[in-house]
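Next come two complexes built around subunit A: one with subunit B, the other with subunit C.
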Partner chain A sequence: MSSFAYAVPGTKDEALALLNELGSGARIVAGCTNVLPDIRAKKIAACTLVDISKLAELKGIDVRGDRVIIGSLTTINELLHSDLVASHGQVLWQVGRRFADPLTRNRATIGGNLANASPAGDGVVPLLALEAKVIVASLAAEREIPVAEFLTGPGRSALQPNELIVGVSFTKTTAMRSVFIKFGMRKSMAISLASIGLMVGLDGDRVEQVRIALGALAPTAIRARQTEDYLTGKPLAPEVVTRAQEIIRTEAKPISDVRASREYRVHLAGVLLKRALEAALA
Partner chain B sequence: METTVVDEGLTKIDACHKAQETTIIGKRRPKIDAWPKAKGTTIYADDFTMPGMLHAKVLRSKYPAAMILAIDTGKAEALPGVHAVLTCKDVPNNNLRAKFGQSTDVGSNFEGLYRVLAESKVRFMGEAVALVAAESLKIAEEALDLIKVDYEPLPGVFDPIEALKPGAYRVGESESNVVSRFKVRKGDVEAGFAAADVIVENTYRVPFGDHAYLEPESGVAWVDEDEVINIRVSTQVIEHFRTVAEVVGLPQNRIRVIGTWLGGGFGGKEDITVESFLALLTLKTGRPVKLTYTREESLLAHGKRHPYIMKYKTGATRDGRLVALEAELISDAGAYTYLTPWILLYSTVNAAGPYNIPNVKVDTVSALTNNPFTSANRGFGAVQPNVAYESQIDELARVLGMGPLTIRQKNCLRQGDSLATNFKFDRYVAVAEAAEKAWQALGPVPESQDKNIRIGHGLAVGMMSYGRLTFLHDSSRCFIKLELDGSVVVRCGVQDLGGGQASTLCEIVSEELGIPLEKIKIYIADTALTPLAGTTTATRMLYMSGNATLKTARELKQRLLTKAEAMLGARAADLQIANECIVNPVDPEQQITLKEAIDACATDGIELFYEGQFNAPFTEVPTSEIISGPTFADFTFGCHAVEVAVDVDTGAVDVRKLIACFDVGKAINVLNVEGQLEGGAIYNMGYALTEDLIVEKGYLKTPSFSEYLIATSVDVPDVETIMIESGAGLGPYGAKGVGEPADNSIAPAILNAICDAVGVRITTMPATPERVFWAMQEQQQKSRQ
Partner chain C sequence: MELQNEITVSVRINGTQFTAAAAPEESLLEFLRTRAMVMDVKCGCNKGDCGTCTLILDGQPVKSCLVLVAQANSKEVWTVKGMALDPLMQALQESFATHGAIQCGFCTPGMLVTARSLLADCPQPDRAAIKEALSGNLCRCTGYKKIVDAVAAVAACQASARVQGGRCRVWKQQ
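Coming up: the complex of A and B.
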């Protein structure tokens, strides 16, 4: 096991100063549910672990105007028990029960899920559908990055070594129906083979607006823009859904790995879309 | 071959026991070790520490096949805090013809090479190359990084079929890649198939399986004041002390193995794990040493369940009678022999299943490859052919338009019938009864409430021996001593895996001597202090040590009754022993306390202790490839019936109902037997659906529990257990063994249910959603054509 230094900044500014000083020699630690397995698997080598888990400034769920702001240290379990999230960010709330197990949900943070940038990350998919913005701070400035731009590749993000995720924000979305579906190899403690976050505004069965985010189906979580365009303005008739499934299967660009083949994942994209649309209609 | 019948006495006593009511046996009670485990006070192997203890790590090969050109340990040795770095040249006896914990001589066909540390040629990825002991785990890990090994990668061979071809890469130095071959011949299969109206042919593939016990391999060793090497270790076989003695070059009486309560074994701790490493390191350093594998290391380094390729051809007449079965089984032994020959022999005997088939031809072979080595895993070679023969019979039923229960009832073995190996069952055979009870309990197939879900029912029966191969001449011992205050000490070298092995012995003593469980103290698993009871493997512990304990307890009981006879002026035969009293039930006036009897015995110099031995039936070691005659003492029969829901869009399979019905002979402790039946079913539910240790060209692609998927609590249905208590077992009170048989037949039951639900036959396990989905796609394409 490599040697690690450990630092516990008391304030956000202290943390940012540390990151500034250490650059890529620092590694932020929140709930540690990715970091610790990565250390064990020797994917993280000697560095200074900057433990941000005590920073009150990164906690809490708030509403400011028409925006919901979620501190980066908010755990999945806190999301699950938040009325604000349940009513204004349904699709994110639905992830809660499908995420890991209760033990892990108590530690895993939404900021960690974003920074980890796994293509299969369950937290990022609904945030993509919510068109959320990642609030990122450095000593010099704070900036907001749309999630779609934040995710740049498998395990890669727009986050700079001297930056910290402070939180995420999104616009309240009470009018749209939300569905999150995750398909894994077992009912709990499963890494998504494919997942979908759907938000749809319906007039009867006609789609007024729709946002579709896919997980584990491309190098990052993605929006299925062509499928969205196709569906917009159309009634959710069987032939429309079938066509939409065909389109989403061309948008999915998954990999083959030990868990599933590319072809199967592509197929799943269509299945999840159909089921999400059905659930939204129900 | 001749079978000797042993312990006539026991069966006789059993007959008179049946007339009596039991007070402990057959009841539901928590095991003696249940509360400490629930409260977290049980001390497991890794919980022990000692003053001055060093921490060990193992350097493992990065390649599945390579020559070791050089090992440079200089830098590692120079690291402050490192006390020893050992390679093969530091091992007094690095290469042993191992009998794998067996004390009788069974000849070269059932032995294999046990190599402590890799020597010149590496055979699998993860093979131990060097050992380090250091002041801390961290230093030991750093030292591993400093050991420089020069490898020259070799091509290797990773498929047993390839390995068997002439000119194939040689896994070992000189030995051929063929580990063993066996055959069964009965009747004339050609003629049999000619007489068949339907023939079903399929090739089945079952994967490597890990045991996935909660507790990885672990132990602490030290040299004591008498220069005895003590090894406190999580093991199913304390008798590996003999192998360790040979490795370090010391007499056997200088090695003491103390077994801890196990956090699971399932066969994975049947082979030696950390013992030799610890002995070498503690000898070298003079300090206590601890070695615990990480989960990843455990997945990499211990033996796996053998993958098999099984070609089956089964024929039946129009009315559903089986007329011929031909099977060819190829097993992947991985890099070293270990228990492969024994497991292959189990598969050979089990290949045709519990059916009457007039014509049978079975050929089995096992080959070395550069894959992880394979060895014991709950079910020990019975499980793999069970997947095949139970899928085959289901397919026949389908073709014939017959119900799964009917076809089994038509063909299954009954008392008086024989296996294809000519082993005759003169005791009750419960296959038909178990199948009927389980199938009935499942009830009718419910209507699906979801358009994407199809529901199906599946049935599979199974058989598996309990007790070891009879040519191993198995025996077990137990010592019991009555203390003067009426409490009892039991000493028995049984290893307790969590299956109630120790508790059951206490229950037998309690029943026989009328002494409450709280007053019984058992000492287990210590080669220096407890009489050796053999391995906790082969579903033998209750059968073997249970009988040894029963015999011992009854000897002491007889002594007490004889004393009471004199004291009460009653006939011993009229007296009963219960609730710490000896009483004549007909004349309750005639009564003394047990303590009074014990006092009187003590005063008169009557020995209040006894050590009894139980011997299993003995047969000769098979000398021919053709297996015939008795190879096991007896079998346990059972059945699983399941309801699955299959998602037609994704292929995902959900097991909704699970019924396990077994003839357990007699349940010593009902709660414990239910636990075994539930655990067994769930264990191999994973084998059927999610557990797949993927090895590509020798490299492990599922290195952790995030890839090797075992069921979680929400994936598991309630298991309904149905017990048949025929009393037909050879164990105490007519009990049979259930530990391993309990995981048989669940996998094919699930495959059969999938077929019932969506009409596809999965022949490659596990039946992952993806496999089921593509099979459905293929089927649809076929039906369109």
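Coming up: the complex of A and C.
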């Protein structure tokens, strides 16, 4: 008999009661694009697969006041086809076309990308730039955690075993220009060697406000705060960009792995910043 | 709530209902190949990287090795074989053959399913859109150019058929 069990709750509360009861013996499954390969690779063993894919409460993209709320089961393909996301959270929409491949995008969910907490996860980078909050529920309460605090390390998050991600929310942002650049070994189905999500408000070529999120360049996706501070208020002149590149290279804290060395990734941080700023100006 | 170590799954495969027991961690791909004996869905990598296991689930092309079979319960799947009578699929198959878009043929079922889904949604894709749509399907033999040629040729034929009164009818799921 299989060492796995399967349960398919019909409501969010049923799912939460089950998570409460099973604790770390439960494994939430959504799109399964991480979970099934992990089961095959024996990284996940003997547990109860709690299938949340039927929960209507975790679906849909809504606007409430000045906030955009995205259900955790929203697939990357749905993000890509959402006018709301394209106009109010453009940087998240831009990630869609660089995420995995069209077949995988039909299954992969934004909640799964967050919970997976990969340092190279592409969905979390734009959410950091959007200063999004992760909406997390347990039987006892619902709480909102800023993405920056949600991601606590490679593969680690602030999520407790009895909690599930209901969705993410962020404030509508239309005034800023957005750029997302993913640097991988090929155009499609590539794990990011480095990625950047940029949101910038410009007055001519002067930076009024800027948010820079980096992927695969530290143990979690990070904001490049010092680079942001330096750029704010300055015109995007060549010498300013060069200095910003130097600063961002000191903020990046990547590892060496099979895909790229630490030095190469640090170099990429500077290259991607320059390309992103140029794209925002164009 | 009931925790099940063995589940019963019922899937409508190419128009015919099929029911069997399955393991909780079983993928749709494993279920099709080992229980339903549907062999035209190929298993290349079993971890989402190659696209040989592509089929249509809920009207969308997906990699079946990335779908828990329990999640396909009560749903409908279509594989390349189930589309044998579909004019658009037939046009693609013919075009793949005449363009030399098949060598060993292992990637072909998945390629065809993805290509058909693209042309049904977007009848006149340019080459960039064709490449993008097929980017989850790997081919170790052809170098892709002939595959893109084959799909582009059907797109062009569809466009002229529409002008002549729509001979290339789009296959509809029942």
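Note that the second predicted complex is superposed on the first by the 280 of 282 C-alpha atoms of A that agree within 3 Å, B and C clash if a C-alpha of one lies under 4 Å from a C-alpha of the other, contacts with A are read in each partner's own complex, and residues count from 1 in each chain.
By definition in this document, contacts are C-beta pairs under 8 Å (C-beta built on N, C-alpha and C of every residue); 3 or more make two chains touch, one makes a residue touch a chain.
Model, not experiment: these values are computed from the prediction.
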Touched partner set for A:Ser24, first subunit B, second subunit C, both or neither: neither
Which of subunit B and subunit C A:Thr242 touches, first, second, both or neither: neither
Partner chain(s) touched by A:Lys187 [first = subunit B, second = subunit C, both, neither]: both
First (subunit B), second (subunit C), both or neither touched by A:Ser53: second
First, second, both or neither for A:Pro102, with subunit B first and subunit C second: second
Subunit B versus subunit C as contact partner of A:Gln160, first or second or both or neither: neither
Partner chain in contact with A:Glu14 - subunit B first, subunit C second, else both or neither: second
Residue contacts on subunit A - larger count, subunit B or subunit C: C
First, second, both or neither for A:Thr250, with subunit B first and subunit C second: neither
Touched partner set for A:Leu36, first subunit B, second subunit C, both or neither: second
Residues of subunit A that lie at the interface with subunit B and also at the interface with subunit C: 1, 37, 40-41, 101, 187-189
Residue numbers on subunit A that touch subunit B, as the complex places them: 1, 37, 40-41, 101, 183, 185-191, 258-261, 264, 267-268, 271, 274-275
Residue numbers on subunit A that touch subunit C, as the complex places them: 1-2, 4-9, 14, 17-18, 29, 31-33, 35-37, 39-41, 48-49, 51, 53, 77, 97, 100-104, 106-107, 187-189
In the complex, subunit C residues that touch subunit A: 1-7, 23-25, 27, 46-49, 51, 54, 60-63, 65-68, 70-71, 114, 132-133, 135-137
Contacting residues of subunit B [partner subunit A, same complex]: 137-138, 141-142, 294, 296, 452, 649-650, 652, 690, 694, 701-702, 704, 706-707, 709, 711-715, 768-770, 773-774
